[in-house]
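Two complexes are shown next, each including subunit A; its partner changes from subunit B in the first to subunit C in the second.
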Partner chain A sequence: MEQALTVDQRWDLVDKITKETVEVGAYEPTLRDAIAGVTVRPLTGIPFAIAVLYGFWTFFGEFAGLFTDGFFVRIFGTHWIPWLAERLAGLPDWAFVILVGDRAVFAEEFLGDSCFAAGGVLTTGLFMPFGIVLWAVLALFLVLAILEDTGYLPRLAVLLDTVMHKIGLHGFAIVPTLISLGCNVPGVTACRPLETRKQRFMMIALLGVFVPCGAQIGMMEELVPGLIGWVFLTLAVGYLGFGWVLNKILPGESPEILMDVPPYQAPQWSNILRKTWMRTQHFLLVAVPFVLLGCAIVMALYTTGAMDAIAGGLEGFLATVFGVPASATPSLVVGFLRKDLAIGLLPIETMTNYQVFKSVILLTIYFPCLATFAMLLRELNWKEILGTLGFLVAMIFVFGGILNLIGMAGGW
Partner chain B sequence: MMNHKSTFGSMFTVIIGIAALGFGILEFVGGEWGPLTVDAGMFTAWRAVILICAGLIYLSSVTNFLDVRQLGKTVVASIMIWIVAAMDIWAMIAASIPSGAEEAGEPWFASGTEFLAAYGPPYMPAMYLLLPSLVILYFVGRRRLAR
Partner chain C sequence: MNKVLLMGQANVGKSVLFNHLAGAGATVSNYPGTTVDFDKGHMMLQGKKVDVIDVPGTFSLQPKDRAEEVAVKMLEKEKGATVVCVIDSSKVERGLYLALELIEKGHSVIIDLNMADVAENANIKVDTERLEDILGVPVVTTVAIRGEGLKELVSRMGEAMPAGIESITKRVGGKGGTSTHS
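Let's look at the complex of A and B:
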């Protein structure tokens, strides 16, 4: 069996090849070299990274807000949903509930937001992916492609290398993490360059548990914008904290990675647009069927009374362990299919801020969506999949329980 | 000639560095002062930190300004300001397009007057730093010509 080279052996090899192949002459650094140096030195690089991430999130928020709040809430809420409810009013009750939603939402005295409250496959089921999530992921994929093609992403990896080493990973881990903020599926694929099974398992487990996808973030931005900062802070603490624990308890090595850091360059817009389109197309193909299926399942469970039975059965458990009301049960049920849909179905108006916060965290950590789970089956062996599931279960109880205890102590 | 440019460059970094530092502190304080405003929002602290750091990076590159490493720092500080200002402008553009009306029959897009009003003052601090920070492009251009 071949042994991986140690860090020192790799550097020796690099030195040897360099000596034989590179001729060193006088070289005056260019401005581009100087900028590259400034952006990887912690003292200047960290503030620059904060500025880049600020641009990332602000662009994302404004872009998604422009389309969702500016146009799509009205397209669906004022035109599509009322029109559909009128056209399909003659359907049998069960079919109307599944396709359009609860009839109470269309009564004159209803004052809520029909886009979310209706719940039907052709109403909420279409509003969530096309009215909210599409614009969020489009913005995330666009910015991500720009960061990749300018050459900033590898520099961010170099900058974060020291922090990531504390949890047994490398700065490179930021690449799959940022990709996962768009969609967990390509994020999991991006873990392939990690050399050892330990590193891959750790990274995939952390991505599956602690990194919300663009669709989820889009829903949070729309429904709980004031809580996003806290949600991300909590997830970051979990990512680093449990990464450290996994690194300590898992056997195996975390060898160094030698990464190619290309020079900064102006991105080619044709490439950026192609990448963004390919990723968005993939998202639509993967996400939309699951959102529609999720809506159909939830409304079918409602209409048969099964949802009330499940909620009744889980009420005590949810309240005791996590401090979450039984009305959050439908979200937890569809969370297995799509987490964005799950967040959209949270009964926010009947919950306290802290309960909403805990529920959003729980929905993020409790199970990867079906598409990501299918990806885990491809990338990990059965032992690692069982390990990941064990990690997930442990996280739900440990993290959810801790948050609940903090809430109880704070009286929230 | 080089000395002139270096002195001008150093003066530029001192002035814009102090201005960025001051505006960054104003972002933390929040409020409205004539044509200058600071909206308290989710990212106020981020903006404040970015402007303060940009100010400090400018000030750290005052001496030996024309050295490529110092110039690199000034360019990076300017890019930080451009990111914040670009996002302020992007927020204005996003706010200026839809009408905000929710009822059927009302216009979808903002009227000409509403559209223009969205671009009027008061402005966020980074907007005031945007134009002066573009001066760095002059030094970058001169350097390119000299090479």
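Let's look at the complex of A and C:
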């Protein structure tokens, strides 16, 4: 066994080898360098970042809207759901309710939107993932893949580093955060390059609690487009504010993160498409079964009357603490499974705008979906898991309570 | 040889290389730390099927975060594997540190100077023949993102072998044994 070198000796050797083999010629700045400069200098970089994010957001809205409103609402609403209701009309009541939905929706005098109102596994259960959420996540995954592959994400991190430092976070936090906007599962994985346990725990807790996923955003965009701005603003305040609090109260170090900024590259379309497809596939395999299961559970609870019992039990609590009506109970019940489904089940017509806003915030903060929870189990130890859940419960009460008080003060 | 490990720092194109060698499966992004778990695939080498593993990026063999821990554990488990040390051609000195560590540990190493296009744009020239002479292990040049040089890399994988760090110290500078550090 040869004697190992010390770190200094090894660097010394590296030095000597490179001196002999590497020749660095005169450097000529390229267009790529010019772009790189413009995008990280705050004066030009911040407007550039806003323009990029706004552009992508617009694309997301247009793309998802095109498929959902332009196509699937009609397919489901005027063809598939009425056809199915007619074909299965002969089923026993309980089976009809679970598979197709509430019979009242199919009565002549019903004027609402059967896509959401029906509620059955084969109607609303299929409409939500395939009619709405699939297109939203597809658009988001595509946009994120482009941001990732060009090399813009780490530059955004550099740009935001100074601002984020003021609240004790790092610019790097933007990478898992943006990825989480597609899906929290890869977002949690993206926290691994963080160096200390404290940093990872903080980041994962903040993601799990304050960052809505693509599926949820898709549902919000469809159901409450006017409120999305307020929802994001509130969540951002919570994310930054409680990031600061966690950083203050948690023991441990939060050292500077040295991040390598790679050169800009033209994205490889084959890679972007494959990545988008892999993530979409994950959505189809993991999310869709839970949405269907969630629909079945809700409808089963309805037909057996159990839902009314649960709602009755929760009514006083929901009304006093959060100022949310008991009719939001089904959403809370399936929030454990899928948050997109939970938002889809909110009784929007019967609630005030402010109640809808509060409910959407609460559902976002509420328990992470099952797939994300499985990720937490993998990435955190049991103490940190309990810590995350404790944080989550605290946030529900803090946000629910404060928003309720604001609502009362404002008379909304 | 039954296993090939792709090792190197973050963002030097290991996953792109992996996708070329072992087909689909790994996701690639242009920011460091995309491969946080390892990806595994197969390739044909001299008529035999061998495992290819895309190891998370690591700066050195002293792990600093969880992804690097995975990398170092992986390496310890696969003692007999051929290690492809992937280096960004425009930042050779950074990658050489890891290469030397790998050589010191007695692994069979082949050096892949990847991203040769970036180095060329930056007007950096690497004398691969001299580097190969000094290190005593094969050195090849690739532009993985465009698929260039992969054939040479694969055909020379069989030549990967352990090298002695002392003989490297002697060969560098062409004078032999002048280092005051040894």
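In the analysis below, the second predicted complex is superposed on the first by the 384 of 412 C-alpha atoms of A that agree within 3 Å, B and C clash if a C-alpha of one lies under 4 Å from a C-alpha of the other, contacts with A are read in each partner's own complex, and residues count from 1 in each chain.
Convention: a contact is a pair of C-beta atoms (placed from the backbone, for glycine too) under 8 Å apart; a residue touches a chain by one contact, two chains touch by 3 or more.
All figures in this text were calculated on a predicted structure; none of them were measured in a lab.
Visitor: With the two structures laid over each other on chain A, which partner does A:Asp15 touch: subunit B (first), subunit C (second), both, or neither?
Guide: second
Visitor: For the three-chain arrangement built by superposition, which of subunit B and subunit C touches the greater number of subunit A residues?
Guide: Greater contact footprint in residues on subunit A: C.
Visitor: Once chain A of both complexes is superposed, is A:Pro262 in touch with subunit B (first), subunit C (second), both, or neither?
Guide: second
Visitor: Using the touch definition from the top, say if A:Thr189 reaches subunit B (first), subunit C (second), both or neither.
Guide: second
Visitor: Quick check for you: in the superposed arrangement, does A:Thr30 touch first (subunit B), second (subunit C), both or neither?
Guide: both
Visitor: Once chain A of both complexes is superposed, is A:Gly65 in touch with subunit B (first), subunit C (second), both, or neither?
Guide: first
Visitor: Let me test your reading of the model: by the given contact rule, A:Lys166 touches which partner, first (subunit B), second (subunit C), both or neither?
Guide: Neither partner.
Visitor: Once the structures are superposed on A, label A:Ile50 by its partner contacts, choosing first (subunit B), second (subunit C), both or neither.
Guide: After superposition on chain A, A:Ile50 lies in contact with subunit B alone.
Visitor: Across the two complexes, what residues of subunit A are contacted by subunit B and by subunit C?
Guide: Subunit A residues touching both partners: 28, 30.
Visitor: For the complex, give me every residue of subunit A touching subunit C.
Guide: Residues in contact with subunit C: 2, 4-5, 8-18, 20-28, 30, 32, 145, 148-151, 153-154, 175, 189-190, 192-195, 200, 259-260, 262-265, 267-268, 271, 274-275, 278.
Visitor: Note which residues of subunit B are touching subunit A in the complex, please.
Guide: 42-43, 46-47, 49-50, 53-54, 57, 68-69, 71-73, 75-76, 79-80, 83-84, 86-87, 90-91, 94, 97-98, 100-104, 108, 140, 143
Visitor: Any idea which subunit A residues touch subunit B in the complex?
Guide: 28-31, 33-35, 37-39, 44, 47-48, 50-52, 54-55, 57-59, 62-63, 65-66, 69-71, 73-74, 77-79, 225-226, 228-229
Visitor: Give the list of subunit C residues in touch with subunit A in this complex.
Guide: Where subunit C meets subunit A, its residues are 9-11, 16, 19, 24, 27-34, 36-37, 64-67, 92-93, 96-97, 100-101, 104, 118, 121-128, 130-131, 134-135, 145, 164-166, 168-169, 172-174, 179, 181-182.
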